[in-house]
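One structure is given here, and the rest of the page talks about it.
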Amino acid sequence: MLIYLRKRIVSSALPLVVVIVGVFALARMTGNPASLYLPLNATQQMRDDFTARNGLDQPLLVQMADYFGGVLRLDFGQSLRTGQDAAAMALRAFPATLQLAATTMVLAVLLALVVGCWAALKPNGVADRISSFISMAAASIPDFWLAIVGIWVFAITLGWLPTSGVSGASAWVLPIATLLLRPFGVLVQIVRGSMVSALSEPYIKLARSRGAGDLRVVTHHALRNAAAPALTVAGDLTVGLVNGAVVVETIFGWPGIGKLMIDSILQRDFAVLQAAVLLTAVAIFALNILIDMGYALLDARVRPVTVKA
Amino acid sequence: MSSSKLPIARALKWPALASVAVLGLSGCTVANSDDGGAAAADTVRVVLSQEPPTLEACESNLTSTGVVVRSNVTEPLIERNPTTGGLEPKLATEWKATSDTEWTLKLREGVTFQDGTPFNAEAAAFTIDRAVNSKLGCNVEGYVFGDDELAVKAVDATTLTVTTAEPDPILPLRLSFLEVVPTSTSTTEKVRQPVGTGPYKIDSWDAGQKITLSSWDGYWGDKPAYAKAEYQWRSESSVRAAMVTSGEADVAMGLSPDDNIGDLGVDYPNNETVALRMDANEAPLNDIRIRQAVNFAIDKEGIVNSLYQGKHQVAAQLVPEGIVGHNSSLSGWPFDLEKAKSLVAEAKADGVDTSKQISLVVRSAQFPKITELAQVLQEQLSQAGLNVKLKMLETSQHLTYQVRPFAEDEGAVALMTQHGNQAGDAAFTVDQYMLSTGAQSYFGTPEFDAMIKKADAASGEDRKKAFEEIFAYQNDKVVQFAHISHQTGILGLAKSLTYKPNSSSGDELRISEMTPAN
Amino acid sequence: MTTSMTDSAAVPQPDAQQPPTKNTAAGKGGNPGLFRLLLKDRFAAASALVLVAVGLTALVGPALMGDLATKQNLLFANKAPFTMAHGWEYFLGSDSLGRSMLARLVVASRTTLSVALPAVAVALVIGSLWGVWAGYHRGWRENVSMRIADVIMSFPSLLLAVVVLYVFSPSAANIVLILALTRIPIYLRTGRAESAELQSRTFVDAARTFGAKPNAIIVRHVIPVVLPTLLTLATLEFCYVMLAESSLSFLGIGIQPPDVSWGLMVSQGRQYLQTAWWLSIFPGVAIVVTTIAANVLAAWLRIATDPAQRWRLALPRKRLIVRIPAKEAQP
């Protein structure tokens, strides 16, 4: 396992560089930021000064070499927008997103396991129909819309929750509920699917014939089969959340990396964008390694180190 | 699938471990900020549309920075009364032109900065030098002063002279944009959290979350009613409105008429004007009849009444009432579709290719309902027989059309522009938008340029007259613009607080003018 | 996201002895039966009906209602729905510019589908083939492919969207490009995992010993087995892509007016939530209904084309002991 881990980490280095090079080059295709940062009536002289001051007049390769030189010295550049250290801004925003994503996923997995198992006990039964309807609907509602409706209902009409912000535990409820729906909806369907087929396996029938009840059959026998696929998918969904909490963060004023990223893209704040992408990329790579390892642990079939039988 | 002995324990181990980790994590950092739900009665909670990029004083002409800093943390030498348009003393008590190019200012005594150092002519001179003559690249420099350097001299502790290269009748107005900082402020770097002479000092800035100001005991003027001000930001206007409704904020900036803020909403003229700017270098807009047709084809009354619930005003020029040079005798172009059609037909008969595409370039999310407005304009111009393609662009891209050097090979462009004259003098509008070389002007004429140059150098009543003529002339002879409306801003205001917004509230929200209700 | 193993469990893994092609053969051979089976399942039948209706609407609707959808009337803005007082065109109310909501929804259905379907199809084809190929060969091909998938997954799709908007013009085709590109890794990973597992199975080994070329084995033996899982995934993705398109609209970097999609309508309508709810609710409902229908039908299809599970559909509504009607159970 350790050898595998080391190999994966080493082999992730190059893709990380590719990501940064790609972001670097693509970001610079979106135009010179000068007019965003200078007054509308700025003279050409001022534009040239700005461009030169930020090294944007250099050829792309030179800029890139400078950047990577800086990265080696742990200097990720400065934000055009705030003048702060880009890496510091990214590091400050990242935990907020991570907490949101992790809490959401834990809840989504637990809820989905319960609902999915319940539905799988009687395929095509009432519980199954209801839960699959709910989960499909949950997975197909636009999140920004849900967020705004949530604020309207729970914060304004009922007054139970704060509209937005990060102060106090109650402020977590709406963002998490909004983020939760899609992973929950997808996971329910997955857990249900794998439970249904697990429950039709011979050993389950054997267990039932020995008098095991529904609950016991599910928790003691079938759950393991459901857990492996659910965990894999959950991992991938988490990746999606880390990258995709932008909308929720934007609406709820959550100071996370998604909001930082969209702002720095729209504001052409290249250094911050690169730092944020690098950080999330590292996190996603790490998560992918964890997923693969977790999966290998739970399901020996695709253990990556095994040689062909 | 063989061993089924301990699967449940294993299967649940992961989520269980994860949840422990998460709960551990979430205990700290983000959720940790103190409970903002019920703020103390001595705090004003303001919700802005975006986080200020910086609070640097020499960038305070940026709306998002100025709204926090100006007149709260820092103060200018001279300030413009947004209601009367007149200049009033602030850190300077009097000023006069001592020659064609020299102004002398008398400074207020007994003022100290929040770091304890005294305010004097040296600090004032330092501020001007730092903002205008340094290599910092301050935004205010480009916006207000252009390339011209200023020579400043501290004559004695309370006397300052400022010398300009060319005669500048509105120098005091320009100076009102400079927020004074102490000599200890860095001249090589911009300062995110400035020290000023204002009634509030910066307490803390939790990046991404909030900024807190608290009142400063050593303030030279009256002590403000509120001891603290807390700024948060939300980009959705409906969320900002909701925060006021639900009591999480006292003041919400930049609301839309459809946010349903009800009687907590306060309207105020925000000095912004919306217009189409037409490129006369390209067919078919190179024919003045087509540009006139555009003006006739737009149903400004209908737009104002339907989209903006009658709160905006139909515009006939780029500046609203209250700006020096506003011509109150002008009225908006009447909506006359038949006239527009016949103008287009006339131009076509004279060989103008009226079927050529006109790009209607619009910045998405620039102001409430801009998407709707853009689609209405596209429809109405099409009705007049023009071939209009709507292009909704994001800010950076829109800027390549908005300012020189203009995007090339784009054919005829009609650009939707929202212009806010923060300064109160038409020169700030006309120089940019109407000079043939103006940063935001597609074209001009030599006679028009001469008129503008003359107006720029004039002062007093002459100046006013000269600019009034310029606005009339643009509508008669140049027609670069199709004006649509002067906008009205909406501010959400909690019942517990009294505040009267004015035309500069969006750029400079004075906490000291807010008082608890009853 | 990856349903990788998701349905690998739900979808029956053919035994080593069982040639996997049986699966598709059963599907094809049983077409008339399939239709009868569909009629028996009310939910699946309703879903099929909904999808056909949506498809037809997208196909012919814009031609019929295109003009109506752009006809503005500022004096007639935000009229409430569910009344025939203003004529059938306004049965679903009017939008903020007085246009018929009904006509806008119809016209938007085409844009929505012409973004979602190609995006899903392109990502499905490229991602699956690539993944299956990588998983079959394993070794460096697998490693390189997976790292490429990592790169794409950790690449901010928002940046891609802005680049595309900036460099090209904002059009539906470009949105398709972005969405397809960013969703390829999902299929790649799933296809890889499934095929990596299959390539060690006896029937693949047998084919190999008989000297079949790798590509032939992939096409004839691996893809047919993996396909149901990937198709299920694609239906889930269909929903995701519609939502992603609307999120891009929300962030201002998706479909741009005067084009209109359901996602854009929800996004634009959100500011009227409290004054004219129908502006964002109707397109939202359209998205939800379409995706639910697609999912229900896909779930049903998965079972119906699977001989091992087909009997479930024939069950009486009350839960009972298994009773397999003889003719349905025949593969």
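Read from first to last, the chains carry the letters A, B and C; within each, the first residue is number 1.
Criterion: a residue touches a chain if its C-beta (ideal position, glycine included) is under 8 Å from a C-beta of that chain, and two chains touch if they have at least 3 such contacts.
Since we're looking at a predicted model, the values are computed, not measured.
Q: Does B-C or A-B have the larger number of C-beta pairs in contact?
A: A-B
Q: Determine the chain that sits nearest the middle of the structure, using the mean of its CA atoms as its centre.
A: Located nearest the centre of all protein C-alpha atoms is chain A.
Q: Roughly how far is subunit A from subunit C, centre to centre by C-alpha average, rounded to an integer in Å?
A: Using C-alpha averages as centres, the distance is 21 Å.
Q: Averaged over CA atoms, how far is the centre of subunit B from the centre of subunit C? Could you give it in whole Å?
A: Those two chain centres are 45 Å apart.
Q: With chain centres defined as C-alpha means, what is the inter-centre distance between subunit A and subunit B in Å?
A: About 36 Å, centre to centre.
Q: Find every residue in subunit B that makes contact with two or more other chains and list them.
A: In subunit B, the residues touching two or more other chains are 238, 394, 396-397.
Q: Multi-chain contacts in subunit A: which residues touch at least two other chains?
A: 30-31, 148, 152, 225-226, 250, 266
Q: Could you say which residues in subunit C touch two or more other chains, in rising order?
A: Residue numbers touching two or more other chains: 162, 166, 270, 273-274.
Q: Using the touch definition up top, name the residues of subunit A that touch subunit B in the complex.
A: Spelled out, the residues of subunit A in touch with subunit B are 30-31, 33, 35-46, 49-50, 53, 81-84, 89, 92-93, 95-96, 98-99, 102-103, 105-106, 109-110, 113, 148, 151-152, 155-156, 159, 162-172, 201, 203, 207, 219-221, 223-227, 231, 250-256, 259-260, 266-268, 294, 298.
Q: Okay, in this complex, where on subunit B does subunit A touch?
A: 1, 4, 7-8, 10-12, 14-15, 18-19, 21-22, 25-26, 29-31, 33-37, 53-54, 61, 137, 139, 142-143, 146-147, 189-190, 192, 207-209, 232-236, 238-239, 242-243, 245-246, 248, 394-397, 399-400, 402-403, 405, 431-432, 438-440
Q: For a test of understanding, state which residues of subunit A touch subunit C in their complex under the given definition.
A: Those in contact with subunit C are residues 11-12, 14-15, 18-19, 22-23, 26-27, 29-31, 122-125, 129, 132-133, 136-137, 139-145, 148-149, 152, 182, 186, 189-190, 193-194, 196-198, 200, 225-226, 228-229, 232-233, 236-237, 239-240, 243-244, 246-247, 250, 261-262, 265-266, 273, 277, 280-281, 284-285, 288, 295, 299, 301-302, 308-309.
Q: What part of subunit C is in contact with subunit B in the complex they form?
A: Touching subunit B: residues 70, 72, 74-75, 77, 96-98, 162, 165-166, 169-170, 252-253, 256-258, 268, 270-276 of subunit C.
Q: Quick one: in the complex, what on subunit C touches subunit A?
A: Against subunit A, the touching part of subunit C is residues 1-12, 43, 138, 143, 147-148, 150-151, 153-160, 162-163, 166-167, 186, 189, 193, 196-197, 200, 236, 239-240, 242-243, 246-247, 250-251, 263, 266-267, 270, 273-274, 280, 284, 287-288, 291-292, 295-296, 299, 309, 312-313, 315, 319.
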